[in-house]
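Same chain, two partners: subunit A is paired with subunit B first, then with subunit C.
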Partner chain A sequence: MERKHFAIAGFAGLIVAIQLATRLTGTEYFLTQLTMTAYYSLVIVGLCMLIGYAGQISLGHAGFFAIGGYVSAFLTTFDLKSHHGAFISLMERSGALVSRQDIYGGTLLTVHPWIACAAAILLTVAVAYLVGGPVLKLKGHYLAMATLGIGIIVYRIVLGTEFLGASDGISEVPGFPLPGGLVITGDSSSRISNYYLAWGVVILGMVLLLNLIRSRVGRALAAVHGAEDAAGAMGIPTARYKLHTFVLSAVFASLAGVLLTHFNGGIGPSEAGVMKSVRYVAIVAIGGMANLWGALSMSLVLNYLSLRGYFGTYDDAVFGVILILIMMFAPDGLLRRHLLSDLKRLVSRTPAGEEAP
Partner chain B sequence: MTLLSVRGVGKRFGGLQAVNDLSFDVATGSIKALIGPNGAGKTTIFNLISGFLHPDRGEIVFGGTAVHAMPSFQVAARGMVRTFQHIRLFPKMTVLENIMVGRHVHSRAGFLAGMLNLPFTWGEERRIKEKSFEIMDLLGIVPHAETEAISLAYGQQRVVEIGRALACEPKLLLLDEPAAGLNMRETKEMGALIARIRDMGVTVLLVEHDMSLVMKISDEVVVVSYGEKIAEDRPLAIQKNREVIRVYLGDDEC
Partner chain C sequence: MLGGMIAVTMHKLVPLPLAILFAVVLTMIVGAVIEIVFIRWLHKPSVLRMVIITIGISILIREIALHIWGESVRALPYFTGSSVSSINLGGVYISSQVLWVVGIGALAVAALTAFFGLTMLGRQMRACAANRDAARLCGIDAKNMVTLSFVLSAAIGAIGGCVVCPITYVQYDSGTQLAIKGFTVAILGGLGNSTAAVGAGMILGILESFSIWVLPTAYKEAISIAILLAILFVKPSGIFGSAEAARLKEF
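Moving on to the complex of A and B:
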């Protein structure tokens, strides 16, 4: 077995251990936040691939998360019963629509969650390609600003659109059915299965990304990150590789949005907010940028603490502070070699003003 | 036979005519040197040929195809690979990994194949590694395979950069000041290496300041001054060319 496999097996073991711990201590309600943490972690690892390995920042990934969540939420809650037309009857006959009862006992005819998910991913891919093409020509601060703009646009659109629920968002989103009778849903009866489903998705995502890093494409991305002009001189289409990684990470964010929306039973505009994007970047940074395992473990801890409300009303401020501190004192992230010795040096050194620059 | 043909190429940066109506050919299997005083436009010419810049006028034909409008990665994929005046190795990557990147155009695993770790990529990865070791062996850098490339001594970094270019199996190798920063012994070794590369069947075009190196290994020399060609001849004839001497040493001395 390679090291990669050990790490994955170890992480899977940790997930099982956490579940067993909640069972033994009678705190199984923690699993709800831990499941949500898993979906946010999916965004984080995808973004880590973009920032750490392809060297491109995005402050707009909450936007892609929201595109996934909102498209899926809208399509699975919008009643088509009173709508008629060739397209709808064709969809109905091909099994793309499902009929279900709403909470008032009436029947709803909506798009099947799988079709909705596919539509959400497709729209995300289209948007990511469309904006990524021109935006990724920018570098550094300019790229950060432009992606920030994308996030803000998505946020203002969902906030201002009546049929997306405006400031209320969309609620009563049904569960997401999976083969074998499993359903992604927030029902407390299927808490444990959902916990494992969610982390299973994350582990699958990790396997895909770890494979990618070790492949020809991973090497090419490292080359683009390290010396873009030299990568071009080696025949690597640098712009295309950056764009594909951008789209890939957007798909991770979008899928996370879809699944978490079905798990929570709804989505609101705050999921598209700029502070969410900042939080994602902060977690990737504290994990060490080009360190998928670091990003994943930091996501597990910080998202969980945040969702359990440990940061109280200072939630967003905490992530802002984390980002500042990491950039100043540990730009390589927390989980790395030499951290202890670096900290010792930090403690023992002279006040900042007297230092040589 | 002509491998590379530069025809009437011009490039202007604002008010500066960096390259003006420049024409020369590089014959297949030869070593050609491009020399000139500082600021003569040699690196600009290199950037134009390798697709890092695009000429305002004229055309650049490589292996029968016009390449002057292509981006650099397409030029490289066609078999014209360059090194840089200031060494541009990939940081945080070993010597082996740096050279493996050079195999990019000769392999094909994409995003999906990489993520799914498809079986066809295993053999491909193995062949990339084999070929990379072959090249490191040729250059005598196998002992450094697992060393971070940018931690090597300067002269060795140059060799790694050339190895990375050779991994692309170029038809034409563009060397931008391969002897810059090297000591006399290293410069001599570099000259022998370039001659060996030519003997392997790779055509070489180099920009170089070290005249002893240029005169020793080149089959032909092009001299540029203020972006214009002032001479093109065999090394011995170039040494006696009055215009070249004037440009290099000034009017009064001769």
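Moving on to the complex of A and C:
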């Protein structure tokens, strides 16, 4: 077995250990937050790929998360019963629509969650390609501001659109059915299965990204990050690789949005807010930029603490402080590979390598 | 935001001009402290790093303001007259506060232009912006210039906050929107050109106001950002800035 497999097996073991620990201590209600943490972690590992390996910052990933969540939530709650047309009857006959009871006992005819999920991902890919092309041509603070702007536009649109629930968001989103009778839902009876489903998705995502890093694409991205001009001169299509990584990380965020919305049974505009995007970047930064495992473990700890309310009313401030401290003292991220040698250098007081302007 | 909030708080204790003066001075001190604590000692920070640090600081200030002032919306009283009185200017009725905003805005631009064009300090600052190393070789203390520019922009921001807040009101989170809009306008006008920035600000304001003809009001904020994106994609040097000047700046 390779080192990579050990790490994945170790992480899966940790997930099982956490579940067993909550069972033994009778604190299984923690699993709800841990499941939500899993979906946020999915955003973070995707963003880590973009920031750490492709070297492109994005302060707008909450926007992609919200696109996924909102499209899925809207399609699975919007009643099509009173709408008639060739397209709708075609969809109904092909099984793309499902009929279910709402909480008042009436019947609802809505789009099937799988179709809604596919639509959400497709829209995210389209948006990411559309804005990614021009945005990734920008560098430095222009890139930061442009991605921040995209996030704010999504936030403003969901906040200002009546049929997306405006400031209330969308609620009563049904569960997400999976083969084998499993359902992604916040129902407390299926808490344990949901916990494993969520982390299973994260582990799958990690396997995909870890393989990607060790592939031709990953090496090309490392070259782009190191010296973009040199990589271009070597014949690497830098723009295309950057764009594809951007789209991939947007899809990760969008999928997390879809699944978390079905888990929570709803989504609100705060999920698209700037603070969420900043939080994702802060966690990637503290995890060590180009360190997927670091980002994942930090996400597990910080998101969980935040969701359990340990930071109280200082929730946003905590992440702001983290971001400032990391950027001031360790702009390459905290948990990185050469942490030990860095510490040694700090102790022996030899000057570190100068940062490029 | 900070300027407006402090002025509102101080106005309960002292008369309006004194409250505004106090707010501006305090905000300048905050600006200086931020620069000295967070930015000054970094060794050759990249611009991106500084942007992320300042975003973090703005979140921090916002949270602190939330804990000090709470979520309530506040406003200063109108400088002259009241919210219902207006002045007749050749048949057009304008609120007196609007005239204050325009007047003080014009004054600020004039003062800045004079500062950068006529005083030694202003020229030194421009030299630092154009070429930091060369400026230092000429004996200019570049670090002090950066601190000074933070103080200066904090002061202008605070004045702006005080002048506008009788009309727009002020709240703990009203800073973020203004920061984005300010950045949009600065890019639109071409960085480092205060006269063009005013023109750009007017264009943005007019576009935003007219956008509610075709789009719901709730999308108004999104318009200014969409304009920012469009400018960045098409002409990052700004509509009034020259491409060469933008290329000279090291970002």
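To be clear about the criterion, the second predicted complex is superposed on the first by the 334 of 357 C-alpha atoms of A that agree within 3 Å, B and C clash if a C-alpha of one lies under 4 Å from a C-alpha of the other, contacts with A are read in each partner's own complex, and residues count from 1 in each chain.
Everything below uses one rule, namely that a residue touches a chain if its C-beta (ideal position, glycine included) is under 8 Å from a C-beta of that chain, and two chains touch if they have at least 3 such contacts.
Being a predicted model, the structure only gives us computed values, none of them experimental.
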| task | Using the superposition on subunit A, decide if subunit B and subunit C clash or fit. | result | fit
| remark: Counting residues of subunit A touched by each of subunit B and subunit C, the higher count belongs to C
| request: Name the contact category of A:G149: first (subunit B only), second (subunit C only), both, or neither. | output: second
| task | Rounded to a multiple of 10, tell me what angle the C-alpha centres of subunit B and subunit C make at the one for subunit A, in degrees. | result | 80
| message | For A:A233, using the defined touch cut-off, is the partner it touches subunit B, subunit C, both, or neither? Pick first, second, both or neither. | response | first
| query | Thinking of the overlay built on chain A, is A:D316 touched by subunit B (first), by subunit C (second), by both, or by neither? | reply | second
| message | According to the stated criteria, A:M275 is in contact with first (subunit B), second (subunit C), both, or neither; which is it? | response | second
| task | Identify the partner contact of A:I324: answer first if only subunit B is touched, second if only subunit C is, both if each is, neither if none is. | result | second
| Closest approach of subunit C to subunit B (Cα atoms, Å) | 8
| message | Quick check on my understanding: which residues of subunit A belong to both its subunit B contact set and its subunit C contact set? | response | none
| task | Under the touch definition given earlier, write down the residues of subunit B that touch subunit A in their complex. | result | 50, 52, 71-74, 76-77, 81-84, 88-93, 97, 100-102, 104-105, 107-111, 113-117, 121, 124-125, 128, 164-165, 168
| field | Of subunit C, residues touching subunit A in the complex | value | 38, 42-53, 55-57, 59-60, 62-64, 66-67, 176, 180, 183, 187, 216-219, 221-222, 225-226, 228-229, 232-233, 236, 250-251
| field | Of all residues in subunit A, those that touch subunit C in their complex | value | 57, 59, 131, 134-135, 137-146, 148-150, 152-153, 156-157, 159-161, 166, 274-275, 278, 281-282, 313-314, 316-317, 319-321, 323-324, 327-328, 331, 354-357
| query | Contact residues on subunit A for subunit B in the complex? | reply | 208-209, 211-212, 214-220, 222-223, 226-227, 229-238, 244, 248
